[in-house]
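After the structure tokens below, expect a handful of questions from me.
Each chain carries a letter (A, B, C and D) given by its place in the written order, and its residues are counted from 1.
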């Protein structure tokens, strides 16, 4: 029997601004990545998100980002490895302490947006993130793009990792995601999305846009929470995976 | 033999801007209050400040503030008790986790600026701060103005507190500090400052600007680190207290 | 024939976060108040909002605020009169310049949230706002709460003002709005709301919650844009006022 | 007789943090670049800086930046051309309006830090900055690195430009500045610095670190204001240029 983790970014409201349907989505995922205040998520949003996750027994991860509220952490920034280490240290420490205070326990760390993408292919950046996570808590699991430098650098220093794949994105021959600027970047059909996920977890392969089968490791599947149909999509992915006999649960330590 | 804690606000640089002579001042105090990023102190400044304190074996406290970088946390703000609880939770969690990651252990919490002053006389605000500190770590010591509501509310829920007095400020008959707008608010003479401190820790009294003796509890003495003569002042206070046989050490749990 | 201005707060999105239905609402109001970046409204949001208003020939005002993104400018802050002058100067200058660059012309200034409320009853604060507006452009109209100190202080230094009333709020005997914490603070019925507006502009009176008639000056009526039924409400107010023969147009200089 | 503009970055304090010796430095330069709040310079700092410049009859420019307070605008960021246009529009509008309100007139625009460096070699970025400046005021002069794309793109759309050179930096064969990571990047000797400036304005050439003479256009010379010896350096450069018969004055329109 196969098992997989379904994760979703949450806690991305800020002050008077709402984003996502966090409470409803929590019923269909096994782990969540909580914004830490740098790209979204003020202290009150973070506290409420953790409280809800603790109540629903969903695994809580920190979702640290570049300091860029206006750009939602999606704009590339060039920080030194030391600056990266420091901002990850701060954000993960805040989330770990808040989880513990609210009756939970921080389970993993997944870098957000541009930080996630840059860490996939920049060894120094990946190393700085991994080092910060390890020094906060060596038992935290680091979620990173499957086949990325973030995964290999984290494993090199002894961290447990979870290779992440995307239910609603297509892949290129080199294992990277098709850029959002391309017409076929997104999978909008739930059926097709479930097939891709099932192939990734069962056969450990994925069909690229070029028609090739490439190998991929799928330990956690990202469900986007901020699109218009996010809730429906999550419910369907969850239902079909279960129907097929896949166990949906957070990555185990 | 008398003992007292000398504390100083530190980590108040931000990005390219420097403030204070943290490294030098650490030789003369027994505990420091580290800015948490809301009024000062970015992640790199915080990390460096904690590292220096761990090396010098100075007790580290969190110094949470209202979110007001431009006003340096000195401007009154009206937040709900829930918002106060949340921002203190976030800031203290960040500092506690960073201390642990860097080989130290968070020792206390001292609210900063306007948050400190408002918490001295607003019961709800004081209660929200105390509740947040307790839920993060019930062993943390809460530093508050001697005789204030922050002290009494913290003790009411079982937190250990440290009553704070000021070496360089004069007092009014009701136990409050003389407002900075008054001509005689500041004590600029080190000799006079030491005498006041000694009287406060030995006799548990202080002479007000009106010439009355009032009772005061002095468990920790604040040394300001951002004035022109801060370093010289700290060195002299430290030297003279030691000469008089006062033991300078962090508040014990 | 009576005429009145209908105004609405706009440009309150920020980065990835959307707020309000600005484009649709512009069809039903004669002037808008554009967030200036301190409580909402990044540079791109401001630019797009002004472009839309210029196209739809709606009068554009600046909507300056305390610097409090997380609190959406709704939390009281205590700034010096000089600080108030400076932040209003900066925000109004930015909006005036952007309007001119985009083919429009800044028409008025309406302080936002806590700044608006505090300026209604604090003479120094009101004076600082008025002075900043005047030095930027003495032809700008200052929108303030009817009967407030902001109106009187602005007129004292020669600024044109527009006394503002609220379509969806009830009034107290002293002319202030019923606090939102009271059960009868809001008027949710469009019919009742239109009656109140008509009475205010035709008879220059309003019925208080206590059943008294008090005098009130209504030169501009605020339509809230961020509630669930904002769009429907604005359309109805607009339609019924027109049916009754009221001319809806921006305050004339 | 030769003439040249000496410019200096100013208004880079923020809240409680001081930077630079603005008041003293203004005696030795003919134009200043005022931070606009995105990398430094809150509204009060900007207002005071403009007031001082108006009094001392120094030409005032806007110094817009990426939104990065913690990184002081020195960290590369990847924004879209539209985002660049919008943030420059906002910042320059604010400065232009404040200058006019305070009895001055905005004279030029010089992008700051990473924005300046990226605009030197990225055509889209350079074009977005130039377009924003032009739409605010087509009479503004754009200061850019001599021989850069920022200069050529600005001239292409009809803006007047000022080619900037550096008194305290060495040059490479391709006309770029020697990277700060190189040992010989900085000129610390005032004599040598003055010789370089004189050669650049008189012969329109500069000796590279490799010993070659290359051609360079020097209409404005940047004096750094934030180093330890900035004041002394500015005074000496000013004195020696005058002695040699060079007229120090802002770029004329």
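In this text, a contact is a pair of C-beta atoms (placed from the backbone, for glycine too) under 8 Å apart; a residue touches a chain by one contact, two chains touch by 3 or more.
None of the values given here were measured: they were computed from a predicted structure.
Pairs B-C and C-D differ in how many C-beta pairs touch across them, and the larger number is found at C-D. Taking only C-alpha atoms, you rotate chain A by 180 degrees to land it on chain D; that is to the nearest 5.
Interface note: chain A and chain B, two copies of one sequence, contact each other through mostly matching residue numbers (shared numbers exceed half of all numbers used). A separation of 42 Å divides the Cα centre of chain B from that of chain C. The centroid of the Cα atoms in chain C and the matching centroid in chain D are 39 Å apart. Shared interface positions of chain C, defined as residues touching 2 or more other chains, are 42, 70-71, 83. If each chain is drawn as a node and touching chains are joined, the picture has every node linked to every other. In the complex of the two chains, the chain D residues touching chain C come out as 37, 42-44, 46-47, 82-83, 85-87, 89-98, 100-102, 135-136.
Looking at the complex, you find that chain D touches chain A at residues 67-68, 70-71, 75-79, 83, 114.
On the side of chain C, the complex with chain A involves touching residues 13-19, 40, 42, 69-72, 74, 226.
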